[in-house]
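By written order: A, B and C. Residues from 1 in each chain.
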Amino acid sequence: MIKMTYREAVRAGLREALQSDPRVFLMGEDVGKYGGTYACSKGFLEEFGPSRIRDTPLSESTFVGAGIGAALGGMRPIVEVMTVNFSLLALDQIVNNAATIRHMSGGQFSIPLLVRMATGAGRQVAAQHSHSLEGWYAHIPGIKVLTPATVTDARGMLLTALKEPDPVFIFEHAYLYPMEGEFDENAPPVDIARAVVRRHGKDVSLITFGGSLWKALQAAETLAGEGIDAEVVDLRVLRPLDQATVLASVKKTHRAVIIDEGWRTGSFAAEISAQIMEGAFYDLDGPVTRVCSAEVPIPYPKHLEDAALPQPETIVTAVRNLKG
Amino acid sequence: MTPPIDRGRGLELLRQMLRIRRFEEKCAELYSLGKIRGFLHLYIGEEAVASGAMPCFKPEDAIVCTYREHGHALIRGTPMGPLMAELYGKANGCARGRGGSMHFFDAARRFYGGLAIVAGGLPVAVGLALADHMQQRRGVTACFFGDGAVAEGEFHESLNLAALWKLPVLFLCENNLYAMGTALERHQSQTDIARKADAYGIPAQAVDGMDVLAVESATKQAADFVRQGNGPYLIEYRTYRFRAHSMYDAELYRTKDEVAQWKQRDPIASFEQYLRTIGLLHNADVEKLETAITAEIAEAVAFAEAGEWEPIEDLARDVYTPQQAEV
Amino acid sequence: MAEFVMPTLGSDMTEGTLIEWRKKVGDRVTKGEIIAEVDTEKSAIEVESFYTGILQQLLAQPGETVPVGTVMAIIDEEGTPIEQTKAKTETKPKKESAPSPVSGPMVPPLPEPGRLRISPAAKQLAAELRVDPSDLKGTGPGGAITLDDVRAAAVVSKEEPTVAVDRQARMRETIAAAMARSKREIPHYYLSTAIDMGKAMAWLKDENLKRSVTDRLLYGVLLIKAVALALRQVPELNALWKGGAAVQSPDIHVGVAVSLRQGGLVAPAIHHTDKQSLSELMTRFQDVVKRARAGTLRSSEFSDPTITVTSLGEQGVETVFGVIYPPQVALVGFGKVVERPWVVGGEVVSRPVVTASLSADHRVTDGHRGAVFLSAVDRLLQEPAQL
């Protein structure tokens, strides 16, 4: 077992990808000289050279579109969009091109493009740098949406995603980069198809993903102290969603609390809730409950930001209310 | 019309322009009959551009077009049958009928659409060129777009990136003077589009897009420039569409006089006249061309009519690549 | 011969109105020439002929609105033009129809074995109507038991109800609804404290010696009075939750929980509890208990309590974790008085001790105020003569 941070795990994954496949290259804002905004590509420019480590102008739409073109042209581009907030400038390329071209061309073209971006709030960077929009992206058929929450997944999902023939979007919660964890170097490749039960329990299912996983696990510990045995499901992949694991958990516990850092209205949590209704309605013993972000632009001061986001305490309260 | 031309080449250019014109006239008729639905953006009036430009590209080159791409696909060599079937929405269409008029694709001919968001094709073209560049291939990516695209951020971002990385992209602006119904001078502070390339250090020229020989000559020169590794190049073809933006509109944004004046410069009629003047074309030639094209269109319509509808069970096919198909 | 039909002029056009013919019968029409002007919903559009020939017949009149595909004119190289406009023949565009989608609504899958396929609404109604859903055969999707199934079953079983069962069932329903609502809506917090009842019990013993048997006080009234007086100090707990906010009550009406022999409980109000002497309280208390058990409480006694006191000491319980009765915002529980080792002046002695607990609505008060309240109760019980 190796101990490393989430940041180092992303970097390790990127490095392995660049070493093992000459078609792989990395482009994005400040991935080269700067070493990556989150230092995930530190030293790469020296190691792999400027052809494979490409600093781009601040032209999100065009460098994401260029990633699509390069993928069509036989490369395996990894595009780093600094944060999900800036990815909005590239929505045209993502939604209108990356997601459609395979189907629209009758299956003639695949786009093996990997796009990574940081997501999430919690670092006091205010309303324009705190979005959690991975749920939006999960709305779009034609792309895959991954939300690695552990060190093993940060590295492993990236490597597996590079084997995908279609566009994959990886959302790395910025809060997780300094988090330390362990991974087994010799473990088999990780899948990017299944949700994983991170904690087994029988009383309630806490369904979550990304940065909220750790809050849910913390809440589960608190609940254990109160005699409530919570199961924690890490979705890992938002599209295509592993519905089976979610439903199996809910059928076991009969109660579901979904934790999603997106805003409640139209959230991915709402989608999970709807899928539970469709797939496990008669197994429920209480209403499906959501713990989401408050419906406000994320504010700067810590106390307000904390109040706006799902927290272990709010998760615990939601479970208590559900358990009666 | 300066360059000398031999009879074979002259007849071929005329034939290609006529193929586009007659094919699209048939499209208009079929649209009126409800055989073709949705949006149908006709290229009539602009045939000299595709006919003159497309032959300058080699099989290894990549083509990215807009929603007004019927002509480009025809000249690139996609048979007329699958194109007509695509317009019908039939499974034997060039994109299984999934795309229709705006989304022709042909992998075998490196024809990457048919991308119908204005300027959305430019970044993709830059990426295709990047792939060629990184793999040391000598390909050129030809990227067609209209004057409307020039107002989009992606135009400027793409020119900048292509120039910055010295990528083999040929930016080909088909300036037909209208972004749908908004005249160039009503949407551009600088209406001389070729000059915009200056800001990015990209060589550019404007050519008469109604003159097939001028188009061919300029495009060939530009394609060679790009192919030799000199980085991107921009051509502005000054042209005009004779018909509405999409199938029919009331044309409130331009006068009948203006349209009539441009029709005086009809690229097909004027080229035909030129060939006659220099003695390369005779009545029998035109008749022969028309007869062959009429037959080709009839065959294409029959192909489309005979095509099957894609089964509904295949609706979700190719949203993602089947797992075994590692690319 | 060619038919000129009302053309499709846009992706959303289904019909058009002929504004005018630009050609008349007998005119020569060439392909691409404008033959008519047609009004669509969006605008007037000049339409072209796709055929060359002599205009033989005009079948539509200006002003007429016809569906797309309707034959409006006949164009032919040969034949005699017919001046008269004849009735048009309507033909639909010869369009092959694509297969139409067949997608059924999604049916929720079967529940896990051992779980009943019953809708939550049906489940609730079954509980209310005392229908055992496991006996029912569902008629809903996939055999799910629906509201109708429960209602039908309830009608069948209505033949043998007794009044007693009905009243009891109704009470259970009322309690169920109130308690479910409480747990659903009220974020409870709980505090408890052990109170030395030594002084109170001693005082009560002395006091009762002075009284006739019928006038003797139960220690329970000391607790009720102490609660009522403590509420004056922490009036936030003496409130009702109305329309999203707590409204403090100017009067203190303590509801006392009375369990009924046939099951269930009620908590009628002893009005103006804080203003009553212990003797008056004792009388009132005995009265409401009697009437509660006889089922003759007044409706105001049901609706007026501003807080509830429940004592389960008689049942041997030490600590009560009460559920607030909405719209009240607090409930005070007392357990059994037990002899406990207790430190008094540095020495361990045996004292009678009662555990007082507070269940309170966290939307209204915080633990700090709750603690202030409980210690006020404690303090009051240390001065029993002042009660």
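Here, contacts are C-beta pairs under 8 Å (C-beta built on N, C-alpha and C of every residue); 3 or more make two chains touch, one makes a residue touch a chain.
No experiment lies behind these values; they were computed from the predicted model shown.
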Comparing A-B with B-C, the busier interface by C-beta pairs is A-B
Based on mean C-alpha positions, which chain is nearest the centroid of every protein C-alpha shown?
A
Compared with subunit C, which chain's mean CA position is the farthest off?
B
So the centre of each chain is just the mean of its C-alpha atoms; given that, what is the distance between subunit A and subunit C in Å?
35
Could you please state the distance in Å, as a whole number, between where the Cα atoms of subunit B are centred and where those of subunit C are centred?
61
Interchain centroid distance [CA atoms averaged], subunit A/subunit B, Å
40
Which positions in subunit C are in touch with at least two other chains?
none
Show me the residue ranges of subunit B that touch subunit A in the complex, using the header's touch definition.
62, 93-99, 103, 105-107, 112-115, 117, 120, 122-132, 134-135, 141, 153-154, 157-158, 160-161, 164-165, 317-321, 325-327
So in the complex, the part of subunit C that touches subunit A is made up of which residues?
106, 108-112, 115-120, 144, 180, 183-184, 187
Quick check: in the complex, which residue numbers of subunit B touch subunit C?
25, 28-29, 31-35, 37-39, 89, 247-250, 252, 305, 309, 311-312, 315
Can you name the residues of subunit C that touch subunit B in the complex?
5, 7-11, 31-32, 40, 42-45, 47-48, 50, 68-69, 93-96, 98-99, 101-102
Residues on subunit A engaged by subunit C in the complex (per definition of touch)
251, 277-284, 317, 321, 324
